[in-house]
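Across the two complexes that follow, chain A remains constant while its partner is chain B and subsequently chain C.
Coming up: the complex of A and B.
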């Protein structure tokens, strides 16, 4: 399953719910305000690190660049992807769950 | 692969419509098929041809219309959500006794069955909203 999360974890708890329920080998893509979870050094970093040991995690590059972030700010292990690679992820995984 | 796209938010209010557009465009450029883009709730506001954004801003509505023209996309606006928000095509305007209609090029108004069909016919249904 591919989970797509567009909410900041500092605004709503959809990412926390997603991290809690994601199964091993699921993938999680953070986009729109969801990209704030990929920042190094926040209170959610530990939860992300734990999830990275069982799930692949991705962040949408155009969205984090639009918010003044660069690859250097991203927690190691989270891969940045383009829209084209976002499409590839939805092909690779099924179903796609939007955590709105 | 065949994709269905659901857009639940209006333009300029939330990024959902932008994200849906960029995803749809990327999928088409990779050679995938978009079975339908369905606009629901405030998403129906993506289908009004009367918006006039500043010239240095993106025109969300025209962008959808142009993509529809280029790839022969099926852009469907939910009729019940549209009527509540004043989005009418020529026939509906006549039927409701209104003096104008505002549905943009490339969009059509239809029912929720079109969303269900998109869910059944597509390999993936991708939801964009708030």
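Coming up: the complex of A and C.
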């Protein structure tokens, strides 16, 4: 299963619900305002670290570059992906759950 | 302008990240329009609003999101005599940001200072 999250973790609880309900070996992609969860030094970094031990996590590069966030500050273990790699993930995993 | 010519204190309170919603851009537009009126203006950045000031926004690179990068407009604010920009420390730190991450000089203030500033305003415009 692929979970996609586009809301800021500090503004909505979409990511927290996703992390709570994701199963081992699921994949989680953060995009749009969801990208803010992928960076070091935030109050939710520990939750991300815990999830990384059971799920693959991805962050959409064009969205974090647009928002001025630096690839060097992405939490290690989270892979940054392009739009076409995003498409590949939707093909690779089924179903896709969008945490709007 | 009012007949009395009284100068009022206006605060724009920004709480949303840029691009994901239209709030940040709309706020900036209103600030610039409002600058035509001689008022005492300040901008506060709280919660995800602190992300509006993040340096290095690149929206129009080849694979970008296809939206205008409006972050550079914050640099023009001082030309409109708008130089009171406040960032709430708690919001900044919760997001792993530091003062040097911002595109313009700001005053980092604690929550008590922010509430005191809010209480002094005649008008607070919330975005």
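Quick note on the criterion: the second predicted complex is superposed on the first by the 100 of 100 C-alpha atoms of A that agree within 3 Å, B and C clash if a C-alpha of one lies under 4 Å from a C-alpha of the other, contacts with A are read in each partner's own complex, and residues count from 1 in each chain.
Please note the rule applied: contacts are C-beta pairs under 8 Å (C-beta built on N, C-alpha and C of every residue); 3 or more make two chains touch, one makes a residue touch a chain.
These numbers come from a predicted model, not from an experiment.
In the superposition on chain A, A:91 makes contact with chain B only, not with chain C. Contacts of A:83 after superposition: both chain B and chain C are touched. Contact with chain C, but none with chain B, is seen for A:10 once the two complexes are overlaid on the shared chain. When the two complexes are overlaid on their common chain A, residue A:58 makes contact with neither chain B nor chain C. Contacts of A:68 after superposition on the shared chain: chain C is touched, whereas chain B is not.
Once the two complexes are laid over each other on the shared chain, residue contacts for A:36 go to chain C alone; chain B is not touched. With both complexes superposed, C is the one of chain B and chain C in contact with more chain A residues.
Once the two complexes are overlaid on chain A, the chain A residues touched by chain B in the first and by chain C in the second are 6, 32-33, 62-63, 82-83. Chain A contributes residues 6-8, 10-11, 32-33, 36, 39-43, 45, 61-63, 65-70, 73, 82-83 to its touches with chain C in the complex. For chain A in complex with chain B, the touching residues are 4, 6, 31-33, 62-63, 82-84, 86-88, 90-91, 94-96, 98, 100.
Of all residues in chain B, only 1, 3, 8, 15-16, 19, 22-23, 25-27, 29-30, 32, 123-130 touch chain A in the complex they form. Contact residues on chain C toward chain A in their complex (touch as defined above): 16-21, 47-48, 51, 54-59, 61, 63-65, 67, 69, 71, 94-97, 103.
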